[in-house]
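The structure under discussion appears below in the form of structure tokens.
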């Protein structure tokens, strides 16, 4: 079940990358690389920084195949995506929840402090998009518009609070991802933003 | 022989970086860093992601000296480069072939799957240029204009096809680099491009 | 004492990041990430490239707390910074000296060549700012305006020259950082720049 959600998240992230790259009028190779990097970039950064190398997707080819599949799907249905916006947004939100959990677990498995684990969860879920935006020569969207990373941090805090009650892992995962997913849905529905700060 | 070609490729990549940086009106330090990063950035990224650290150029100072040499050469002859365009292009193409082979071999030495080895070959040959463009605040040129990375992928596929016939390593290297170099020459000669995709 | 200066440098770098991010009108999360990355980005890059993982700040939470403190301080006093410009500049210059020394020492501890150690010192002191500028979609300021990285290289050369006289470590650190700090002050005072190079 968790694995299936991981696949869904990967597909959603790859599609979001591919669509951004098409908007920037990149060529086929550029679109593929941006799709790839959006899907695995956060996890790659995490693995490199904690020293789990070769990084995840080099050892488990499934991610490569799933991203290729998402890439082809996006090419074929690229003119239909307006109608699919809601589904895409839902998938992306599932990815946010699952990727945060994967990052949290990786940090715990290396024996890092909860604060750092939360940073790793947020990195896993959000920094693929950051690298996507940098490669497209844009200021990363999560730094200026959407409340996105903050939700991962919140999810991480909930995770460690619940963990201190020695809950079963399945229940822990379920509640954390439900918190992330529902706060994200509410944030978009009610247009919650983080404030920007004027210097003067 | 292979080592000589590696040096030629490194010089060509460093020069391409230095020239790009001069066009952006960077100062001397900026020009040097961009030259350096263009030459070793792809290999550095590869080494970090497969966990071969300290990365290559930190252990073999020859690269550092070669890049310094290329940097000085570019400074001195910077007004003459229009006339040297063809030679530079040839050197750059040699670099493309050699760097792809080095990346392929590194992947094999770590025991990774052929698909991942091809990705590492492409990364070694192309991502120095990607980092160069990001540092110059541009969308990487290989994502939007030139057919470049695709040739490395093609070269990688040829490499593994031939390898399955248990050819001698020297012949394997020779054919793969000749394929990469000749396809690149034809791509430029006949103006082959990858399509860009309109979303609407 | 050295540790105190490290803290002061970290605070100054985090503040410089936060102020840059506010100028770009990023939201609270964006400002925090840019502050964080400016402070620890150079050291992170260094640790990843020499294979000392998990990277420094993941193992020593003090950095995280210091950066959070600097972040809050910058938010609260963001309208007062015009008057504090001189202090900020002094703190930043202390950071330059201390971070260069930390990078030099890390390189020596891994057994790398002095040339590479100087590169690591420069990377530690300067590349947090480079990542900050990339995340803000700007060409890094140290590549085009200020004489900044060059001073770290100079400091590194002085360090190894003095080291060959088998000086006491404390004196070695003191002289190296004083050289870096005083050259930096003079560079700003007398408006020293590196030349840019016109191609035509």
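By written order: A, B and C. Residues from 1 in each chain.
Simple rule for what comes next: a contact is a pair of C-beta atoms (placed from the backbone, for glycine too) under 8 Å apart; a residue touches a chain by one contact, two chains touch by 3 or more.
Small disclaimer: the values here were computed from a predicted structure and weren't measured.
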item: Copy-to-copy rotation for chain A and chain B - C-alpha atoms, rounded to a multiple of 5°; value: 120
item: Same-residue or different-residue interface between chain B and chain C, half as cut-off; value: different
item: Centre-to-centre distance between chain C and chain B (centres being mean Cα positions), rounded to whole Å; value: 30
item: In chain A, residues with contacts to at least two other chains; value: 48, 51, 134, 137
item: List of chain A residues in touch with chain C within their complex; value: 48-51, 110, 112-113, 115-116, 119, 130, 134, 137-140, 142-145, 147, 149-150, 193-200
item: Chain C contact footprint on chain B (complex, rising order); value: 19, 21-31, 33-34, 44, 48, 51, 53-55, 58-59, 61, 64, 75, 78-79, 81, 134-137
